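In what follows, a single structure is set out as structure tokens and then discussed.
We just call them A, B, C, D, E and F in the order they show up, numbering each chain from 1.
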Amino acid sequence: MSIFGLVEYADASPEVRAVYDDIMATRQTDYINNFWKSLAHDPATLKRTWESVKEIMAPGALDVLTKEMIYLAVSVTNGCGYCTASHGAAARKAGMTEAMFGELMAVVGMANETNRLANGYRVPIDPAFEK
Amino acid sequence: MSIFGLVEYADASPEVRAVYDDIMATRQTDYINNFWKSLAHDPATLKRTWESVKEIMAPGALDVLTKEMIYLAVSVTNGCGYCTASHGAAARKAGMTEAMFGELMAVVGMANETNRLANGYRVPIDPAFEK
Amino acid sequence: MSIFGLVEYADASPEVRAVYDDIMATRQTDYINNFWKSLAHDPATLKRTWESVKEIMAPGALDVLTKEMIYLAVSVTNGCGYCTASHGAAARKAGMTEAMFGELMAVVGMANETNRLANGYRVPIDPAFEK
Amino acid sequence: MSIFGLVEYADASPEVRAVYDDIMATRQTDYINNFWKSLAHDPATLKRTWESVKEIMAPGALDVLTKEMIYLAVSVTNGCGYCTASHGAAARKAGMTEAMFGELMAVVGMANETNRLANGYRVPIDPAFEK
Amino acid sequence: MSIFGLVEYADASPEVRAVYDDIMATRQTDYINNFWKSLAHDPATLKRTWESVKEIMAPGALDVLTKEMIYLAVSVTNGCGYCTASHGAAARKAGMTEAMFGELMAVVGMANETNRLANGYRVPIDPAFEK
Amino acid sequence: MSIFGLVEYADASPEVRAVYDDIMATRQTDYINNFWKSLAHDPATLKRTWESVKEIMAPGALDVLTKEMIYLAVSVTNGCGYCTASHGAAARKAGMTEAMFGELMAVVGMANETNRLANGYRVPIDPAFEK
């Protein structure tokens, strides 16, 4: 259970409802997931976070699927259970196949391994990488 | 400086040279970066790690650029300076533009932020994500 | 469930009971939380950890509420579920309002985001910060 | 060195200069630190990040000093060298004394220790914390 | 629940069964734990990971118990619940007593604490350590 | 450079000197490393941390070398540069050979990899591990 519980649409202030409405319109769904219902206890953070997510996750130089896979890679690395579940679902919705998930996880695993090998061997940065 | 120093090709054992040769052939370069020259102190780890990286980073369901960007996202999240430098260079070589890097970093930053918001608000996982 | 179970007062050795007694006296409560009941399997660690916590969390140059909020910020960043629950409760008991919690979480989220932006852009430290 | 170098005011686009101007006006200084000069390579991220930081770090239910100490606690936990230097400087400017820093660090260290003790002993969350 | 469910032996492909057979033969057990049954969705990762684990965890310059305790120390530090449970069980099977676990946890806790004290005080590396 | 500089013996208060004396006597050396010279700005933390380290790192159910290798494994996982250097040196002094270091690093790398595979595949804990 979250500390303060979930804020349902019916109980939300107009300020919170406006964000919920924009989430549903932008995502073309009538579903608000628990992350937003939890943040709604702090309307300023709800609004700022949603607007940042909306701007950042829109297609640009990177497509939506690539962005969702990067989001998932970070969430798995940090061990965030909620974010792994939610962005796993979002990545699948954006087109991630089981084969793509398998390769994503292989890269995430290997990166976490070699990050520590580099730390432990205290590998000096190659001058070639600084150009 | 690394703890044990870098193993240059001229000083390497035949076992290590075989890995170096495969790295250079696979990557079509005559450059061995410091990560491998450090791991060379443990030929078994050098060989196993290189063979894993070679298998994982080959194009498959995901292309090389996407894989390098995921590698970079993990390295930045973990704060691995060497890996951020080396995979930043590798991603640029694989085609990452400055605009793509900007969007990648924006996603990485946002994911690290929302991971903690989810932790702190103790958001319960939506049943919809479990299907 | 914890690996070794919880050590209840009735089953505790005199050495463990002495720590439990001091916890209850210091906190003016008859409740020992599960963290201590788990550590009780290693009386030396129980005693050393409690004495350190007691010394560190006492009011000093920083008041108790500020200390509890810092403790919570670290626990959320690390994704420690138990510690987020226990220090969330402790911070509320020390006076953290819902508005304060909201601002705390906003700072924690932003810090986690900008930490990675600084890592990824490999920002050099300003000489002005070294003075 | 950062990957893309620092964007100085003289070389900045009007969009970037507008953010720099707001940073200097808000902070009442003529100094722009390297974090912003690095982010300036991505004006959208520069603007969004600055506006978020400005909103989050303004005094509210928590004062500026408390917010800066929380920022520092997170940065130290994550091992972000740049952020530890910059928010260490900001916290001192906001009034953090050496004694306050000492207590802050003691809490950060203890929280990082007990987070792992809770993980390792797999301590179950007390029902009392869920209310 | 895992995203894709567990692959039981009866439902596994010959490629996956070959890995399961080797796990059971190597460990002299008829039990395959859930980690491998989850990875089985990606047979290439299953095979590569098992072969790496088998090679790395074999007795060598370090004995099996020491290796399992190091594995546990890392898992606890990262807050990986599954790995803490599985390698806690593996370490006990390899001979870790309750007293050894207590000392292991004390070291893990202290290391996590002093890592942050070193970060926060920005302690410069002693030249003596570089030799 | 550290924020507050290093406190040399000649400039230390009697309280700090007493800790320095005990470090030198316990370790049978006349060398105080920079970690302690930095903590000396907060004599209470210096004393408490030293006494905890002294108690925890003494030989017990685990020998000194095993403890130092666990300390190193945690420090490498967290990416603490100072601690990797100092506990790498301490482990070598306690008898860690290059072959042992190689195996330690292999385990640390693999644990960091499989921790994320377990997170990403959301592997459910085997009931067998809970007994």
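In this section, a residue touches a chain if its C-beta (ideal position, glycine included) is under 8 Å from a C-beta of that chain, and two chains touch if they have at least 3 such contacts.
Computed from a predicted structure; not experimentally measured.
Under the touch definition stated at the top, chain E and chain F share these contacting partners: A, B, C, D.
Of all residue numbers used where chain B meets chain F, under half belong to both copies. The two sides are thus made of different residues. Remark: among chain pairs A-E and B-E, A-E carries the greater number of C-beta contacts. Of all chains, the one whose mean C-alpha position sits at the greatest distance from that of chain D is E.
We define each chain's centre as the mean of its Cα atoms; on that basis chain C and chain E are separated by 27 Å. If you average the CA atoms of chain A and of chain D, the two centres end up 21 Å from each other. Rounded to whole angstrom units, the spacing between the C-alpha centres of chain B and chain C is 34.
Residue numbers of chain D whose C-beta contacts span two or more other chains: 1, 3-4, 41, 44-45, 48-49, 52, 56, 77-81, 85, 88, 99, 102-106, 108-110, 112-115, 117, 119, 121-122, 130.
Contacts from chain D toward chain E in the complex involve residues 72, 76-77, 79, 81, 84-85, 88, 104-105, 108-110, 112-117, 119-122. Put simply, chain B touches chain A in their complex at residues 1-4, 6, 31, 33-35, 38-39, 41, 45, 49, 52-53, 56-57, 60-62, 66-67, 69-71, 73-75, 77-78, 80-83, 85-89, 97, 99-100, 102-104, 106-108, 110-115, 117-119, 121-126, 128-130. On chain D, the positions that touch chain B within their shared complex are 3-4, 41-42, 44-45, 48-49, 78-80.
Chain F meets chain C in the complex at residues 1, 44, 48, 52, 55-56, 130.
Put simply, chain F touches chain B in their complex at residues 79, 88, 98-99, 101-103, 105-106, 109.
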